[in-house]
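The structures considered in this document are given below.
Across the two complexes that follow, chain A remains constant while its partner is chain B and subsequently chain C.
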Partner chain A sequence: MEKRMLKEDTDRVDGILKVTGRAKYFAEYELPGLTYGVLVTSTITKGKITALDTKAAENAPGVIAVVSHLNKPSAAAYEQEGGPQMKIFYTDKIFYNGQPIAMVVANTFERATHAASLVKATYAKEEFNTDFAKALKDPKAKKLQGQADYKRGIENAYKTAEVKLEERYFLPIETHNPMELHGMIADWRPNNQVTVYAKTQGVKSTQGTIANVFKIPPENIQVNSEFVGGGFGMALRTWPLEIATVMASKHIGKPVKVVITRAQMFTMVGNRPAAIQTIGLGADKDGKLTGITHRAYGETSTYENFTEGVVNMAKFMYQCDNVNTSYAIVPVDLGVPIWMRGPGEATGAFALESAIDEMAHALDMDPLDFRIKNDPETDQQKNKPFSSKNIKEAYKIGAEKIGWSNRKNKPGSLVEGQWQTGYGVSVGVFNANRGKASVKGILKADGSLLLQSATSDIGPGTGTGMTLIAHKLMKIPVDKITFELGDSSLPPAPSQGGSATLSTVGSAVNDVCEALKSTISELAIHSGMDPTANFVEVLKKNNLPAIEVTKESHSGKERDNYSMYSFSIHFVQVKVHALTGVVKVSKIVSVGDSGTIVSPKTARSQMLGGAVGGIGMALTEEAVIDHRYGRYINNNFADYHVPVNADVPEIDVNFINKPDPYINPMGAKGMGEIALIGFSAAVANAVFNATGKRIRSLPITPDKVLG
Partner chain B sequence: MKLSDQKPNQGDSRRDFLKKSSVITAIALTPGIAVKAAENNVDERFAELFEKIPLNLTVNNKAYQTSVEPRVTLLDYLREELHLTGTKKGCDHGQCGACTVHVDGQRVNSCLSLAVMNEGKKITTIEGLAEGDKLHPMQAAFIKHDGFQCGYCTSGQIMSAVACIREGHAGSRAEISEYMSGNICRCGAYPNIVDAIVDVKDGGATV
Partner chain C sequence: MINFQYLRTSSAKSAIALLLKDKNAKFLAGGTNLIDLMKRGVTAPEKLIDINHVPLKQIEQVGSKIHIGALATNTAVAEHALIKEKLPLLSWALQAGASAQLRNVATVGGNMMQRTRCGYFYDTEMPCNKRQPGSGCGAMEGFNRMHAIFGTSEKCIAVHPSDMCVALAALDAEVVLANHKGERKIAFRDFHRLAGDTPQLDNNLKTDEMIIRLEIPVSNLAKNYHYLKVRDRASYAFALVSVAAAFELNNNKITDVRLAMGGVAHKPWRLTASEDFLKGKEASLSNFEKAAELAMKGAKGFGENNFKLKLAPNTIIEALNLAKSKA
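Up next, the complex of A and B:
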């Protein structure tokens, strides 16, 4: 195992709270008079509720109320025409199986759970379709454009290339399934004052959504979300069940806690939609790409459209004068999807990076050489230089560490007993984003620094990263710096998504620290001290207990001049069992090219997490629907297989760790997404190298390997 | 209505029964005082008398004499009654390990154990692992090796990790991985978790 460069690096600032069980997640706040809400869900897939019998539930012990479309607790925006179709408890329409149709509120969780089982719905059923592949084939089924068609050079140029391929790739529905169950505690008090404890990737976004639905001023709503037990994208929006929780609290005048079940995690909080993609690649005999075509279809719901960046990567990742893409979404009768880690780019990268490997094989080239040969110097899509890109160096590091020289280009060459060994590589790429955020800094005469921003930490270590940025600039010991987040009353910051938090909020931390430093040095000069004097002495001399600065920070013109992306390279070694078709990922080397690494320990963990998520995507994860009933049949951890400890080999994480000169003051680009994007293709490519079997449908299960 | 057409009302509890005191049989079979209690809206407390049973157990060296409904899981009892929320609910089906606690020294998924099954037993939760401010070696190792990200599975991982060593199942990385596979970490901290366990095992500290 690569001895970690990181042992001595700074520990997570909230580590002690997390290992002692003192970190409080949303469901763990004690409120006087707290009640428990349990959701009743539809048992049909499409149609209308014709009757809802809540009497038995209302009579059950401890029940306070049953909330449904029959009593419609007031939500001003839902009383108006238009807006979303899925107006929870305002509609009798059923859009998918497992849709919440009522909430039973009782004084204990067990009583609410029992009473929820007593609610009986009667429906008028309609024909439905939950089968995405079937909808795609049906000429009468709706297909909506998901992104503007893109064309550079000649359309479908691959068709006339010297060497060409055209292949189709399938991804099933994947579910985020963070370990913490979703839900909310809502406490609606007199005068429309609302406090919620939420599981959210954006406290300001939750605050805004509640304000919009109930038409009350955002400042009436306090959103608390200090610790979030994982999100991976599913907590990027405020789901109907959360609106229902607020409604219920308003209705009964008491705080209501809802924690949904693991099964409901499959139906109420989105998923990575299924996708069918076609890639056409053309190359000349020397291995130069002459045409790339990427056409993708993604699944969406009937009541809301969802789109993501499935075909983005094809437009700039490789040097090629002829590129065209198209992306359409196909509605089916399922709950609406939401971005899942790596989002559409991870879906797209599976197809593109598999096809690149296939083309290398067709050309009888080493897939690494083929990638290097077609590596672009500039971004041909935006016609701009990259702000920074060290991909060739990353290829080199990764190839050395995985032992790429042991790989044979001829598939099935490495056999030991019943096990076949293969090596695979793939690339991941994602926008290096930077948004707008505000941070308040309070520098105190006791030598401490308090930083505050309404950002989130769903796990990557936001507080740790921000603390380290401030530590580096202010030379204040880490244990004297506190970063507060997850509170909507703090200075605004965007939601934690799109790998942008460190870049966005970190820049504001940087700006606040710079401002505090210059204020201190002005004060020092003013009071006849050395301008570099220690801030504690300066504050004391001026009889100031503290100084406070709030800064808003955003990117400047540099975004117009450069193309900004984070990159990753994934190398994997797999062992495939010839008789059973079992695939084991036996070695992983990931190289991140995402600018400066601010917090090495937590950055490494993010890369580990991406690789582990990638193993699931590649080998085990598939939410299966029985299309006769429109229901998930593996909606639990026993049947929907996320990777466990024994599925994961040692992972060698490497970073280029060179600052990006343009992105932000730290030179740091995001890395949550690139940790996963492309990984599944590396596994598919390694399985091909091991066996000669090309699997274009995820997950790569033994039946497909043997089939 | 024929008798055979009547469906048994399986959902009714004793209190439902009391609430429907106009039913002749209910009046006939229920003591007058109970009917009166239900009518006076003190039926909740009355129902509790019927529905709860006594329970004595020790949690983190503290003795509790209490009464619970028999359907309450040990997990929900710890979280909702004792407010020991360090033990997490991840699936409620014994499939994820987030709720792992020690019962008489053995690791147990507390969501699969009813509270009343633990009469007279000694429970240790994550809150009972440290000695005051002094972290248990496994807690310290999890911090050192960054054995978590979001932290939600961490309590269960640590309780399992301690048991893994005590059971003698920490002989190799592969063995540790196998015996830690009942604890899911969606953030993917597995290699760091194994590092932490190896470190504690090799360090030789008493766990």
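Up next, the complex of A and C:
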């Protein structure tokens, strides 16, 4: 094929399957003899189950079994001492409201649902606390170190700076709530052979967890998860409800399907934990930062600790000789959190990037100029050069596209009737990861290439990116390349998280393609052909239907020499209504600085999704708990507000698209997280610019704007 | 299984007859709220009488009134040329409610009959005097950001969630109700109730009655009107506060005016004191402000909803401003 025929971009390779309903998600698999499990949940927040009356449920029509701690379905690891505190169906302890305490399995979903309502638990209640802010104030409450304290230069140097500020920022619990509900189909067969259809960000991780809990060899467990209807981090672990599904299948000897309810999505599959952060910033009068202090508290559960990188960004994002951070986690009686898109960094960036804006205002500087003035040349935390960083160029592109020159530094300057206009900017940054992955490539005499890896696609378009990498190297038409994933029997790859898949698995695709090319070239020479001969002819000449190569790929020493990050800049224009406090995001310009863009269309979609998620984080999302009961109040899509189309303006996505010379053969860095990180601060900063009101508590709802 | 009987009928008369036989029966129209309530275990009717085939979908002018059948869908009403021309306030209010998909199946009668969206009402593990009289009010000292500031009782501070009903209260609509003995007509404003000591009752429809139609007088309120809904997102969210405003202007003098609020009370909240004040006055900002101030008499916050004490008058002022600027 001629080089000019190479495609720079392609539609999502599985797009047609998805929009025509032919993509099969876990809950859609029909197995012979399939049964349906429905979870019964605790209605108290803390204590013990003293009695569990399952009689009525067991006698209800269609019911096959009720599994709970009363019958402890066999799970070898849970039968031993130690391990997790909250061993599902092996404990009578209640750690939070909504904890699964039993599963009713019946021959239809409706019968299981009804029978589940007949299970009656009696409890011994204990005092509890689900209020994170209250726990922080309570001197008796546990505060555990979440990350080692960090100090560079003088601690709390901001306190003695010429210009200083110290502010507190609050983030509520947010939930991932992808459209697809969580669950699993588990089929435990004789001889301990298990097949599961899962909603997971890592088939190998699910396989490993099941192997560990049931103490059977991983090879016995087949995990299928070809299509995932959104993950955002919530499917990065195998949740107790999934273990329960496998237990139930083993117990009854039939396949069991569990799909949890929307309300259960708030309590069984983690969330972005609430956080309270304090930022101290000091600067000299010329606008050079002289001190950064970032102290954060994050929420965790009482039965398991969860930590994330809330204070990472403060350590290197700005040139400053004096930086100190601390991060503690505070247990409350709620389900354990999990990473949610942009994880801790998005939480931290809201605080840090708001504070940076506040400091620029205190200095009477344009916040963009202030950021440029304090942009570091090297990573002061790691004391290494950045592998690539084009932040200043990104600032320039974004500023021009949003019309930054229309912004007035004095808040509340742009008024039209009751609407006040403001502009805001923020930076996002996330570690540019690269892990270890294997890919198998099968090059066939029919001109096609099959690539296989046990990676996942929770939506970013993994198969599309991998196909384009292979397409460019092999010069095989896109429609002749198939990338298979979501199957634990394929060559191993890490879970899809931390924006690492393209970098990690893409590198293995690269290496496999290079190996296939050299094998073909050697075969050609061996059979007296031109070494650049077409592989179809080479294979035919050698009577080979196909050749196969498997490669494991990982990063080398370059990671020791460079600091590797992906960056993003978010510019937003907002309109704020002076009388009603309504905030409308009226314009968005996002600029991604994440190395080479391998798949422009899906990369753009990532940025669009990040911006929409960012609007939610900034303006609408908050999971509300009534702390008197420990129960969620708004556990449905009518009351937990994710942005709707009418909330989303046109999003102008731009990429620097310059290869990172060190990260991987493609020069491409991840971008799933940076699409969201920092966005909420850009909105908060724009609201301030519009109104002069600084809102340090998300989401920015009309009541806060008016207050 | 929670068994229930499903019946279908195609005439109002037989629907009423079926209802008379079983007081625990419920009419099923669009089902956009009722089915949710059944799934959540909030209600468990023994009999569902599907009335979707009853011919009550008319939208027509009869003399000086516009008649809207109880089974006309929200979309059909909102998009009907007659409504857009003569009762645009109603059209706007309808389009501010729910989502396009819900409006396509939700009916006028069902909209009137929808229950509050108070989270305590929907969670059967929580106290709620409306769902279970005597169990207490979870919202009073709990999460009451969405709750009422007017006409509250010690038993319940829930709000009626409808947008359509706010416009209908403002437009002096009447409701025609029927039982096996015949029809009666009541003012729309008297259809819904305050919670008082009986928060379990949302309205004055009797257990043997069926909503037949609305009758709305045609007035000169089709020019200066606005339905302003303040909410947490631009669509598919219930009102924090909404205001239906319409007036008739003669040389910038207000000759007729209607004001009603949503999201603030157990029923659509008509602002008669503000109307009385504005009548005969100039359509000026200072008069709008005074009208808004008058509207707030007796308002009371419960903590999380205190912001409505400021948002409500602001929204009244802005709705009047926008109604005025329509000219």
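Quick note on the criterion: the second predicted complex is superposed on the first by the 698 of 707 C-alpha atoms of A that agree within 3 Å, B and C clash if a C-alpha of one lies under 4 Å from a C-alpha of the other, contacts with A are read in each partner's own complex, and residues count from 1 in each chain.
Rule of thumb we're sticking to: a residue touches a chain if its C-beta (ideal position, glycine included) is under 8 Å from a C-beta of that chain, and two chains touch if they have at least 3 such contacts.
Fair warning: this is a prediction, and the values are worked out from it, not measured in the lab.
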item: Fit or clash between chain C and chain B when superposed on chain A; value: fit
item: Partner chain(s) touched by A:G459 [first = chain B, second = chain C, both, neither]; value: first
item: Touched partner set for A:P61, first chain B, second chain C, both or neither; value: both
item: Contacts of A:V644 with chain B and chain C, given as first, second, both or neither; value: both
item: Contacts of A:V19 with chain B and chain C, given as first, second, both or neither; value: first
item: Touched partner set for A:S117, first chain B, second chain C, both or neither; value: both
item: Chain A: partner with more touched residues, chain B or chain C; value: B
item: First, second, both or neither for A:G613, with chain B first and chain C second; value: first
item: Touching partner for A:P367 - first (chain B), second (chain C), both, neither; value: neither
item: A:G441 touches, of chain B and chain C: first, second, both or neither?; value: neither
item: Touching partner for A:G298 - first (chain B), second (chain C), both, neither; value: neither
item: Shortest span in Å between Cα atoms of chain B and of chain C, once chain A is used as the common reference; value: 5
item: Residues of chain A contacting chain B in one complex and chain C in the other; value: 60-61, 110, 114, 117, 638, 643-647
item: Complex interface listing, chain A residues touching chain C; value: 43, 60-61, 110-111, 114, 117, 418, 577, 579-582, 584, 619-620, 624, 626, 628-629, 631, 633-634, 638-639, 641, 643-647, 701-703, 706-707
item: Complex contacts: residues of chain A adjacent to chain B; value: 7, 11-12, 14-25, 27-28, 30, 56, 59-62, 107-110, 114, 117-118, 177-181, 227-232, 259, 261-262, 458-461, 601-602, 604-606, 608-613, 636-638, 642-648, 650-651
item: Sites on chain C touched by chain A in the complex; value: 1-2, 41, 117, 119-120, 123, 125-126, 138, 141-143, 145, 228, 230, 232-238, 240, 307, 310-311, 314-315, 317-318, 321
item: Chain B residues within the chain A interface of the complex; value: 9, 11-13, 15-16, 19-20, 44, 47, 51, 69, 71-72, 76, 79-80, 83-93, 95-96, 98, 125-127, 129-130, 135, 139-140, 142-144, 146, 148-155, 158, 173-174, 176-178, 180-194
